[in-house]
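Labels run A, B, C, D, E and F following the written order; every chain starts at residue 1.
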Amino acid sequence: MTMIDILLRLHQNSYYFFAIILFIIGFHTMLSHNNLIKKVIGMNIMDTSIFLFFVAIGYVNGGRAPILEPGVPYTAYVNPLPSALILTGIVVAVSVTAYALSLIVKLYKHYGTIDAEEIMRIRGGDIQ
Amino acid sequence: MSWTRRKGCSAVTEVLKYLLLLFLVVCAIAVAKTRDLLSAVIIFAAYSLIMAILWQLLAAPDIAITEAAIGAGVTTLLLVAAITKTRREE
Amino acid sequence: MSIVNHFPVLAVVVLLLFAYLMPLLMRWRKEWCVPATLGAIGFSLIASLYMMWQVMTTGPFMYQMGSWAPPWGIEFSIDYLAVFATMTITIVGLIVIYYGTQDLLHELKEQVMGWYYTLYLLLMASMIGMVLTNDLFNMFVFVEICAIASCGIISIKESRECIEAAFKYLVLSAVGSGCLLLAIAMIYMVTGHLNFTYVAQALPQVMDLYPLNILVSLALFLVGLGVKAALFPLHVWLPDAHSSAPSPSSAVLSGLVIKVYAIAMIKLLYKVYPPELLGMAPIMNMILWMATLAIIIGSMFAIVQDDIKKMLAYSSIAQIGYVFLGVGLMSESALQGGILHIFNHAIMKSMLFLSAGAIIYATGTRKLSDLKGIGITLPVPTIAFSLGAFAMVGIPITNGFISKWYLALGSLDVGRPFFAAVILVSSLLNGIYYLPIVVNAFFGEPEGAVAEPRPLPRQMVVSLILLGSGVILFGVFPSLILGVVSKAAQSLLGLL
Amino acid sequence: MMRKLLVFIFLAVIAVALVATVLEMPPIGDPMNITNNEVPQRYLEDSLQETGALNVIASIITDYRAFDTLGEATVLFVAIAAAISNLKAH
Amino acid sequence: MEDIIVRYVTRIILPFVQLYGLYVVLHGHLSPGGGFSGGAIIGASMILYALAFNLSAGSKKLSHDVSSALESGGALLFAGMGIFAILLGTNFLGNKVAGIPIGTPGNLFSSGAIMIITFGVGVKVASTMITLFYSLIEGEDHSHDHD
Amino acid sequence: MRFTSSFLPVWIVMFPMVMTAVIYYVEQHSEKMRNALAVGTSLVTFLSVAALYPYIMAGNIIEYKMFQLLPSLDISFRVDILSFSLALLSSFIWMMVAIYSLDYMCKEHGCNRYYPVLIITLASCMGIFMAGDLFTLFVFFELMSLISYVLVVHEETVEALRAGYKYLIMTIIGGLALFFGIIITFELAGTVTLSGATLIKEPSTLAFFAFISFLIGFGMKAGMFPLHVWLPDAHPVAPSPASALLSGIMLKTGAYGLLRVIFHVFGFEFMQREGWTVILAVVAVITILLGSAVAITQDDLKRRLAYSSIGQMGYILLGMSILTERALIGNIFHIFSHAFMKSTLFLCAGAIILKTGKRSIKELGGIGKQMPFTMFAFTLAALAMIGIPPFNGFLSKWTLSLGAMDAGVPFYVLVLLLSSLLNGLYYLPIIISAFFGGEPGHEHDHVKVNEAGYKMLIPIAILAVSCLLFGLLPTNLPFDLSRVAAEFLLRGGQ
């Protein structure tokens, strides 16, 4: 595979590629940021990137949104299944976010900080 | 119905797509780099909206609406609420 | 159409219904919360026992949601493994919450009791759903419910350790969920299906086309479920979470929740991925080494703990290693051992956590070094603890022995006695940290709070006795459970 | 610093693996992709008769795969229960 | 958040937003959207109301009892439809097979259980969003609540 | 008779177990009742074992399958002549110890724990000797090892607990090694039933692992050289009757297990061919010399006895590594002899410690004048231990030596002689100073020490006289049993 091939391939699968990049960025935000709210946002970025990935799977060139109209052949629509699944995924993400935020509020109340390292330090460095 | 408009592989759409995708990446990095949490949340809302547009491009209006309402709306509001209860700077 | 045909779905939905009702009940009929919880789980227990009988007599069957045929709709697959797991979940879950009705009164604030039952019911429902479902995405949904509910029953206790532990758990399991969803996306992309059966049919055909995709998806599944099941390098959240939570939560988290993810992993590895792939890729060896490290390092960490619940939590890391050891060895006996250990460890670890909870309830101390002579003043929890300890070490006539027997036999079957030796070494390590506690408890002079413990409520004593007799019963008559376990292992390996 | 480096290496490894996988993936939008099999075909062709909904996604999430949606509603419910129980416990 | 402009704008657009949310919910089976997006829109609008005016005004509009009843009610409606299908003699969550009339495709009242479920989900999501927001923002000062 | 005899093993194991529960219940109400029941139980067990005598001597084997634990893994019983001999021996000693305990333990705390444990240990010991397969053996072995922990730490002193901890960990290691050995045997043979035919026929690495595991598992219990470290700590700290059982009987369970492994799992020829017996022989020689030599340096009476036990167990191991017919006879007979001798010694030591409160040998000078009867019994047993002719210890060593000569290894005879010399070096000073050391410590002047009560003296007397009789009489029951058992085993155990 030459460089050109790779680039063409990436162009062809650009959504996948960018979804992976966003996934990594989100993952990095989640792992290396000490701020808990940043972690939550990173988690959301990670999740949406996967949703993007999933939605891209369902796309069909020149396809319409799957709202049926009489007389249009089924091949003219995009695959509705990934969209249906992602709808669930979005709600899951927002649920986790809401709960995580409630935990953060509570943690702030107890520790007076939303910095993971600070919290660790207050707890006595008991990481393991 | 307007939301089911036919899309070809026109160059304009391609460029738009790349612009949006790049913008997404920029937003994501900006979220990570911004030290002001409220700004980060606003940027994240923008990110969500871009994402919704992208999904509209991908002919998935249902989740575009949902993302706009939940990702850009509710999640942002919840984040703002959490920030007001805690502190704004990282 | 009688109602028994719908038991597979009702076992989940009745729990959900009662969970939905719980906020209403706790506003207007507070005293009904406990009976409703017990009743709902009791119903699931009956349903799962009935399903088990049905499966054992007539073989596995499917239940299609909304009567939609498989590739289009979601189906439940009621097979040997699933009925075995539902039975384990409902039995242990019922006993634990029966214990919890008393224990929680002093661990939780009064206004959140109802929410605890809600979360508990949802947790039970999600676990049952996860083991029954035959659909990848449906599994993901249940995994999410399970993850949030298990964090919920940790953070419900008002202590900063709990909330911190719950947050850590939530973040890590969110990472896990992300990996899981990505893996599902990759599988869907190359097969076009979500149903286990159809994915399993499609995978061998596309294996040559997209080998990397399939391999990466498998790795992502391993990471995603491994984080949640606390497989060795991904276990960092477990000790805090399981030790700070209220005792019934610890019992159900250590006893059931991590096992359910292991069962999901078993289903994926054996029912979805083609055996050729598993033979080719070093995934199984990786699992084996991770399990080995988990067993040894978990036990090592457990030795140095002085907090009773933290020690039990580290021991859980080691014990989940046994399950994965059984999974990774890919021989019939080992798989039987691994599956059996899910059940056995569910019983013993929940018993250990509950007896630790009872000791904490009665004396207020969590430190192992303070428990001198507790066996004289608090016989029931201490005897239960000792039984659990013996089972952990694998002394014969306790159920822990049976699973170790099968695991060791399995590792010899495939010609890898090294892993049998690992089991032995870890049993020794278990002995090193469990038995001194037992000795200390019976051969010491009680002092301080230990000398005059609070009397234990009847519910606690009854649950401990039930679990303790389970340890002995399934140690002496393992054939009670072995039938379904060996059928499960055989069907997973395609021998049936 | 060490930790940052470790995280970077870790993420780089993941990124390389995933991008390599991207190169192997079937192209986006190809109608011949395996995902466009009998499953979406039936959803698109028969949902009108079978469920009576014009929006295929609605017919999927509330009929064909309604159980997922029940689970989804439950996720919301469990989030509520967990959040409230956490915030109330004081 | 006590800005007069914000209040004014909110007062004007709120009915439209809510109407749109309701539309999205009720036309879930006909057009893009559905219970989740519609419910989220309604929920977001209520949150907006609460933010623009003050919180107690928001909670007056939707008390905790009502909101929690709605949450449970929405979910129960969903699961109840599933049980209803069992009672009608099919598997859980059956729709047409259970004999629920699906009506004429394209009409508002069509597609049988889908509509009811969408409605239930909409109610559930809307009330959930509001509750989540309130519990997050109120947090501590919950003690006046009788539970 | 058919039914009774096949049922008797179960009865012999189950009866003490049930009685344990009964005693546990009764002792809440009446101490007398408890004591009576404890002695009665051991008596009934002894009689039940004895009742098998005619049946077994007629060359029959009793097999009884109780129930199936796992597929092809049963709890089963099998009584052949070897099982019978050891069961008879141990139930007899148990009875003696139970009687002895009546007086000895009445001053001790925790009697209510002691008696049930004593009886359930009897049950598990019977279970070990009558096990019909390795698995049953293992189960009872673990049961005995774990429960005897309670006997070891009975005093609950710091050193008892420390010794107990060591004992516990070593027990677990041994148990796990056994588990490993059994599971390999099961893997290779598909069964672990001890039916006469050898289970493992092909040499392989796994088989060697199994052998090593068995050696570790049973050798641990038998006080074999590198694994003996728990023994000198654990035996002295236990109450003396328990020490008598630990040294007299429980060590022998390890030897018994090894015999079973040699004859039923591998077969002697097989082991010889593979050179495994050399391992056993080397270990045995080291054990003998080490045990005897270290015993000399010990000042604590019971500790010296414990080290002596290690040396004596070495004889038995040595006999196993030779395995000519006479060596085997000597081997089994030494199990008998040592049980009698060592329990006598420990019971005497117990009586002395109880009466004087002294454990140090230096302080025991002149004790023979105050407790002549006890010291006389001690002397008899000690002489037997050294191997002075008319005693049973001589007979067993003699037979062993003959066996060694048969095998053409006179070196072993040398080892035996050397060890006897060492035995003399550490036993004779005790006796001499006890009787002639005339220089009693000054405390003895104002504390008049009496003989122990008759409930203690009778068991001591019976055991001491047995040491003499079983060496003096040319044909006696233990020797006959050993002979028959050896023939039986060498015939292939059919």
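Methods note: a contact is a pair of C-beta atoms (placed from the backbone, for glycine too) under 8 Å apart; a residue touches a chain by one contact, two chains touch by 3 or more.
From a predicted model like this one, the values you see are computed outputs, not experimental measurements.
Visitor: Note the shortest touch-path length, in steps, from chain B to chain E.
Guide: Step count on the best path from chain B to chain E: 1.
Visitor: Which chain's mean C-alpha position is nearest the mean C-alpha position of the whole protein set?
Guide: So the chain sitting closest to the middle is C.
Visitor: Could you give the separation in Å between the centres of chain C and chain E, each centre being the mean of its C-alpha atoms?
Guide: 35
Visitor: Distance from the CA centroid of chain D to that of chain F, rounded to the nearest Å?
Guide: From the centre of chain D to the centre of chain F is 69 Å.
Visitor: In whole angstrom, how far does the Cα centroid of chain C sit from the Cα centroid of chain D?
Guide: 26
Visitor: When the centre of a chain is set as the mean of its C-alpha atoms, what distance in Å lies between chain E and chain F?
Guide: Chain centres of chain E and chain F, defined by C-alpha means, are spaced 79 Å apart.
Visitor: Which chain A residues reach two or more other chains?
Guide: Answer for chain A, listing residues that touch two or more other chains: 14-15, 21, 23, 26-28, 56-59, 61, 63, 65-67, 81-83, 85, 87-88, 90-92, 95-96, 98-99, 101-106, 109.
Visitor: Of all residues in chain D, which are in touch with two or more distinct other chains?
Guide: Residues 18, 25, 33, 35-36, 39, 43, 48, 54-55, 57-58, 61, 63, 65-72, 74-80, 82-84, 86-88, 90 of chain D touch two or more partner chains.
Visitor: Residue numbers in chain C touching 2 or more other chains?
Guide: 13, 16, 20, 23, 65-66, 111, 137, 141, 144, 148, 151-152, 155, 163, 166, 188-189
Visitor: Quick check: in the complex, which residue numbers of chain E touch chain D?
Guide: Residues of chain E touching chain D: 28-32, 34-36, 71, 74-75, 78-79, 82, 92-93, 95-96, 102-106, 110-114, 117-118, 120-121, 124-125, 128, 131-132, 135-136, 138-140, 142.
Visitor: Give every residue of chain E touching chain B within the complex, in rising order.
Guide: 24, 31-34, 36-37, 40-41, 43-44, 47-48, 51, 129, 132-133, 136-137, 139
Visitor: What residues of chain A sit close enough to touch chain C in their complex?
Guide: Residues 23, 26-27, 30, 36, 39, 43, 46-47, 50, 53-54, 57, 81-82, 85, 88-89, 92, 95-96, 99-100, 103-104, 106-107, 110-111, 119, 123, 127-128 of chain A touch chain C in their complex.
Visitor: Spell out the residues on chain D that touch chain C in their complex, using ranges where they run on.
Guide: 17-18, 20-21, 24-26, 33-39, 42-43, 63-68, 70-72, 74-75, 77-79, 81-82, 84-86, 88-90
Visitor: Applying the document's contact rule, which stretches of chain A touch chain E when the two form their complex?
Guide: 65, 67, 87, 90-91, 98, 101-102, 105-106, 109
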